[in-house]
Amino acid sequence: MKLIVAYIQPERLNAVKQALYEAEVFKLSVTNALGCGQQKGYHETYRGADVEVNLLKKVRIEIAVNEAFVKPTVDALIKGARTGKIGDGKIFISDLTDCIRIRTGETGHDAIG
Amino acid sequence: MSGSCMQPGIRLLIILLLMGGLAGTCPAQETATSETTAASSAVAFTVNNVWMMTATFLVFVMHLGFATVETGLTRAKNTVNILFKNTVTPAIGLLTFALVGFNLMYPGDHWLSGHVVGFGGWGLHLPEGGTTSAYNPGYTYWTDFLFQGMFAATAATIVSGAVAERIKLSAYMIFTAIYVALVYPLAGSWKWGGGWLNDLGFHDFAGSTLVHSVGGWAALAGVILLGPRLGKYVNGRIKPIMGHNLPLATIGVFLLWLGWFGFNGGSVLSADPGAVSYVLVTTSLSAGAGIITAMLTSWIIQKKPDLSMILNGCLAGLVGITAGADIVSIPATILIGGVSGILVVLSVLGFDRLRLDDPVGALSVHLVCGVWGTLAVGLFAPGKSLAIQALGVVSYGAFCLVSAFVIFGLMKATLGIRVSEEEELRGLDIGEHGMEAYSGFQIFTSQ
Amino acid sequence: MSGSCMQPGIRLLIILLLMGGLAGTCPAQETATSETTAASSAVAFTVNNVWMMTATFLVFVMHLGFATVETGLTRAKNTVNILFKNTVTPAIGLLTFALVGFNLMYPGDHWLSGHVVGFGGWGLHLPEGGTTSAYNPGYTYWTDFLFQGMFAATAATIVSGAVAERIKLSAYMIFTAIYVALVYPLAGSWKWGGGWLNDLGFHDFAGSTLVHSVGGWAALAGVILLGPRLGKYVNGRIKPIMGHNLPLATIGVFLLWLGWFGFNGGSVLSADPGAVSYVLVTTSLSAGAGIITAMLTSWIIQKKPDLSMILNGCLAGLVGITAGADIVSIPATILIGGVSGILVVLSVLGFDRLRLDDPVGALSVHLVCGVWGTLAVGLFAPGKSLAIQALGVVSYGAFCLVSAFVIFGLMKATLGIRVSEEEELRGLDIGEHGMEAYSGFQIFTSQ
Amino acid sequence: MSGSCMQPGIRLLIILLLMGGLAGTCPAQETATSETTAASSAVAFTVNNVWMMTATFLVFVMHLGFATVETGLTRAKNTVNILFKNTVTPAIGLLTFALVGFNLMYPGDHWLSGHVVGFGGWGLHLPEGGTTSAYNPGYTYWTDFLFQGMFAATAATIVSGAVAERIKLSAYMIFTAIYVALVYPLAGSWKWGGGWLNDLGFHDFAGSTLVHSVGGWAALAGVILLGPRLGKYVNGRIKPIMGHNLPLATIGVFLLWLGWFGFNGGSVLSADPGAVSYVLVTTSLSAGAGIITAMLTSWIIQKKPDLSMILNGCLAGLVGITAGADIVSIPATILIGGVSGILVVLSVLGFDRLRLDDPVGALSVHLVCGVWGTLAVGLFAPGKSLAIQALGVVSYGAFCLVSAFVIFGLMKATLGIRVSEEEELRGLDIGEHGMEAYSGFQIFTSQ
Amino acid sequence: MKLIVAYIQPERLNAVKQALYEAEVFKLSVTNALGCGQQKGYHETYRGADVEVNLLKKVRIEIAVNEAFVKPTVDALIKGARTGKIGDGKIFISDLTDCIRIRTGETGHDAIG
Amino acid sequence: MKLIVAYIQPERLNAVKQALYEAEVFKLSVTNALGCGQQKGYHETYRGADVEVNLLKKVRIEIAVNEAFVKPTVDALIKGARTGKIGDGKIFISDLTDCIRIRTGETGHDAIG
């Protein structure tokens, strides 16, 4: 089992959800994040004092999948999120040792989907 | 003078004059009575003027009402921009109205061509007797200017909501300056300035057409030329773009209702007890009826009662009654308000189907119900002609729509009227102002 | 007529009449003076009416005040629902009051049984002379209706806060319609309509009992029948459920104070300078005293000064003074306000101990301080009887509590008055309206 | 009495008196006319008083305006604290003004030393004829007290914004009580109480100096003694600390503008139609000009137009015109407002460079523009002396600054005026009140 | 060392905290999340346009524990969060290679608790 | 590749960003979190009812780095966040199996920076 974490542009979320849906990945968790990457920030100025904002709004998606689903999931993420512009985001993949469905107590591969 | 202080016929006249506060035209008979008459008349003038000043304050409050309604019904990322526009609008409105608009709208005898265009000269100049009832039994020159100036700026504010979340700040401000300085007063002179539509007997008590439709037509031109917001119509489907702060929107609607007491009540142009209080009652009952019918319509069509729709319903009832608030009966009032509440819901849905993206429902409220209210005078008010009312609606529509298309069109062809796609996505607050409305709040939106 | 224009005795009479604006009853002497008198009296009538219209606007503002206080002191997930109720309430209130309430509350001579139930007929019908001082020296028929109609709707709004976050929208609206249309006006007729409590000398200047307790008793019935919100009382412990927007709540309290200037000031029913301005002073000093004592009480008991408590303290002072604002002395005013501020803090804590869950403190403010203020008239106002005041309190309590229990009880037994547990957890905004108040804001609450 | 009712010369006098409402001094001629005169005069008094009460309500609204502006321009974590201060301020203000301030400010004949310190006794006591025009043609004793009391509390509120986000609640409240009870009224008596500056011909119509600078100097003392907020000036660089709720700030500015109609309009002290309406026009045009010039200045200097700056610009225009609203010409008005709008932007930037941390711009708005407006009277108003105006500015500056330094300084040396660093980081809402303003909202700030 | 991540219903947070406390797990971190799982969403309708909301409010809990604590922690999470209804949530477990207490610089097992 | 997750005090964020910048770590993601640790909470009281708040505001930082950067990153985090007071926070490190840059499709070590 793998845990896939992706940071994407907020306005791509709907497209990503659509792409994941088409790849039959139905379960995901989303959080609000701020990111600092290659994309340069912008300046805000408030009452004459200038501030550089380099933490930009991003959306963090977390998806736990069985091995077979890693590739389709990553492809779907890329399909939905890619615009070719700096700031499109990153995907991080790590190992998951276990997964448990709270409602039923099922564990492992069965619990993930 | 003999024992009899005054002739009976004249007595009655004086009383009538006094009630209207027309002291200035008081017969110059050498009696003690005529002086107390003058005194009493001066008091009547003072009362009228106090009322008109109060009405002016209430109309001023409408600017805050518009600011909060529009802010509440749009997204958090465009809030600073909307507040900015709505703060600048009354400033531009009052200053240009002082410079040129007031004398364009109320040319007095200075008509340039027929009763179509008139101009009384630049700037504010107190006429002789301008602070007495010789100017007008109901108010001083200064009250007159301020009341009308507050009105003028509302017409531009109506546009502000419809074009929100995508128009360039500079384009909006240029449009507002031209529209308030020239188009609104010129159009207004046709009726309130004593122009040709007034001559024909067109009735628009407080401006269903002269203010609301005039603003509404300009909004329509803006909406058409700007196009919809990104993400509103996707693959042939309508995606809701939700307002970010419904308490603000509700505050705005209550403030607008409050302001309408001055907008309509002040349009009596004196404190005449019967006339003003009747107008307040029709205004309120129409607002109430608009709320109820908008609720029912929304509940039936949308399955759940939509707060934003009853807020629009309230405003719809207010706009609808504005043309005839002084002369329609109580049952007709409730009918006018009730129909407005239905119309507004249907037309919000209708405009969306036409792919005309109006974030706050300004077209449905001000244009559709403004037209409806003006026609309703022809239907329900004794002695008013539906044909003349329709003529007024069409004339204003043609003039305002063309003017607005020209102004927006020229700007579109030159400096551009719409922000870039990137700016629209990130929000106009950062794009146009480099600041956020809710610093520190976590806002999460994928639109 | 001879050289002497008028008899001395009559002169004094005329002056008195003029001051009261009673032009309609002016002696029909054929003198110039009597006409100027009539004119001056017409002006006096106009002034009074301007004041009463202003007071009406201020009472209208209270609806916005209630909307914002209640929204601010409850959770974000129920905001749309609360705003919806508070927008619909004045609409229902004004329309039903026009249809039936007004004529039930002020039956004139149309008493049906004793001075207990009267009814003047359906709808609004301008009586002869209804727009002159012949109707009333202080206001026109239309002003009368609108002022009283705005009052009426506030009684229902009081209930809205106490039952918030769990009552079904439909149940609330049905309750409001019945309570405003029938219960409030019937009860009101006993005193303000010239009914039996008025005959006995009961004094309730602007409605500590007639409006605030009447609303408060209904709120009590609602709170009892609905039960507390989920998560408020857990395992015998009181868990605070915090208000989500204290700026809104504070705005609301200031608007209510502002509105109270019209609520109390307008209850003079004319612009009488001494009477009205005195009432404004007592109103403000009592509010101020309520804030200070609520602050001290809260600081002592809760260790830290609680903003929501001083907001309630302000309202408590306002409710407390409402019954006697016209007749208690300045020191008594400060005492009444000060005690109200203490009472409200103690009773907020007390109701919680009784497991009566009132999200906004409506019971403490309107019911407890309404009762206190009414009794205080018996204690501090010269010539008023504590026994009669207590009789009034008890009579209203019995009638309103029973009525409200019957209305809520019947609905509970039939269509149900409380939303499902799931809906309550997710919030009434999504459950009842399918929308959110703060779209895009990240809101995190585990309640 | 013969056929001729009254002497011609006396007739004119009566008319003049009537217009001013001076019934109390009406000649006691035994004629019918004199009685109608009295009646008409009573009506004039009633009108004036209605206007003054309306103005009082508007000034009251300013307290809400200050509360919302200050809340909006500071951080979410200090919101409860700011709302608390702004709610308690009018309570403290009205109560201490009733107890001592009113009689200190308007000592009548009770001067203790020269025309510098006077005291009319403790508490409120209705003088004979206090509710008639014998007291004052424009208002009753009670209206007088309430109008002035509302004014008084605004001076303290000005301080509240400048010292926000770091002052201890208790220190603020003690300061407010002393400043409103003693310093403000004592200073006020020099001009409005008929004191020595009035004798010299100093002109300050509605309080550019007497209210705004008086508040501003105290704010300056507070800002200096408290020091800047943590994180505002870091390693020699200015870090912006953004306001958390710009819709609130905008609401506040509109409410303040609205309130200013009463603040300036009411300072005419009667409903005189020409005088009041002229003041309303100058007030509005100056506000409008301030908005426009602040926008331009901010756009040029900051590259993008800053909403918080045009809000300050609006207030700057209002403060600037306050001293001369009754006597400067329309072009001078626009100049005064326009300069105020420029000044406010420059001085916001300037104070930051001086490391004087004023979260809401109170120093720039109230102090700088208050001084400018007062001097502008000497520049633009016919017959006013710049030297006398400057003398007034300096005298008030010296007295208020010293007083405020003493009060704040003594408290700093004893109980402390600033919260702990830990409390400041976590926010005063939790530190001072143990509660949050926006329960449930996710707020993310690293300041 | 393991990292346990759980998504639960927001209204169960207090019960979960209580259960963890009883299991002597005192340290945890919580974030706001939106989740899409078996639980079906609901419809919102705004001004006549319909939208299906399938990202529901969830709470994300993150707990780093030593191996011995994995079972008690998971049990406590289940005890506090389970209602038996769809939407109860999931628990994900992965390996943690190191843990450092910023204040003291302690690392590994000592730092975690 | 490693994934570093740190919980710090919100007011230390700017210092941490500065320290990371000096350590040439430019990419990071930040979320809002609530944490319960050794730091004791505080009491809120609302309308007479008392509540103990033990979930305190924290900032969660997530940084994916190549092995060579783990130590500098951790050092920078400690440098920026440490005040010596309870509540300074924790750093958690786990393995990352892959990393993908959405814009270009690059993977692994190249994608991370």
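In order of appearance the chains are A, B, C, D, E and F, and numbering begins at 1 in each one.
By our rule, a residue touches a chain if its C-beta (ideal position, glycine included) is under 8 Å from a C-beta of that chain, and two chains touch if they have at least 3 such contacts.
Since this is a predicted model, take the numbers as computed values, not measurements.
When the partners of chain B are compared with those of chain F, the chains appearing in both lists are A, C, D, E. Within the contact network of the assembly, the step distance from chain C to chain F comes to 1.
When chain A is fitted to chain F on its Cα atoms, the angle of the rotation, on a 0 to 180 scale and to the nearest 5, is 120 degrees. In terms of C-beta pairs in contact, the better-connected of the chain pairs D-F and B-D is B-D. With centres defined as mean CA coordinates, chain E is found 54 Å away from chain B. Centres computed as Cα averages put chain A at a distance of 48 Å from chain B.
Shared interface positions of chain B, defined as residues touching 2 or more other chains, are 3, 5, 31, 33, 36, 40, 43, 47, 50, 54, 242-243, 245, 251, 302-304, 306, 308, 434-436, 438, 441-442, 444-445. Residues of chain F in contact with two or more other chains: 31-32, 44-46, 94-95. Every pair of chains that touch is listed here: A-B, A-D, A-E, A-F, B-C, B-D, B-E, C-D, C-E, C-F, D-F, E-F. Residues 238-240, 242-243, 301-304, 306, 308-309, 345, 348-349, 352, 361, 442 of chain C are the ones that touch chain F when the two sit in their complex. Residues of chain E that touch chain B in their complex: 32, 44-51. Across the complex, chain C is touched by residues 1-3, 5, 30-33, 35-36, 38-40, 42-43, 45-47, 49-50, 53-54, 56-57, 60-61, 63-64, 67-68, 71, 79-80, 83-84, 86-88, 90-92, 94-95, 98, 123-124, 130-132, 139-143, 145-146, 149, 169, 245, 248, 251, 432-442 of chain D. Partner chain D is touched in their complex by these residues of chain C: 3-6, 8, 11-12, 14-15, 18-19, 31, 33, 36-37, 40-41, 43-44, 47-48, 50-51, 54, 58, 75-76, 242-247, 250-251, 253-255, 257-258, 261, 265, 271-278, 280-281, 284-285, 287-289, 291-292, 295, 302-308, 310-311, 314, 330, 334, 438, 441-445. Only residues 2, 6-8, 31-38, 55, 58, 60, 74, 77-78, 81-95 of chain E touch chain A when the two sit together in their complex.
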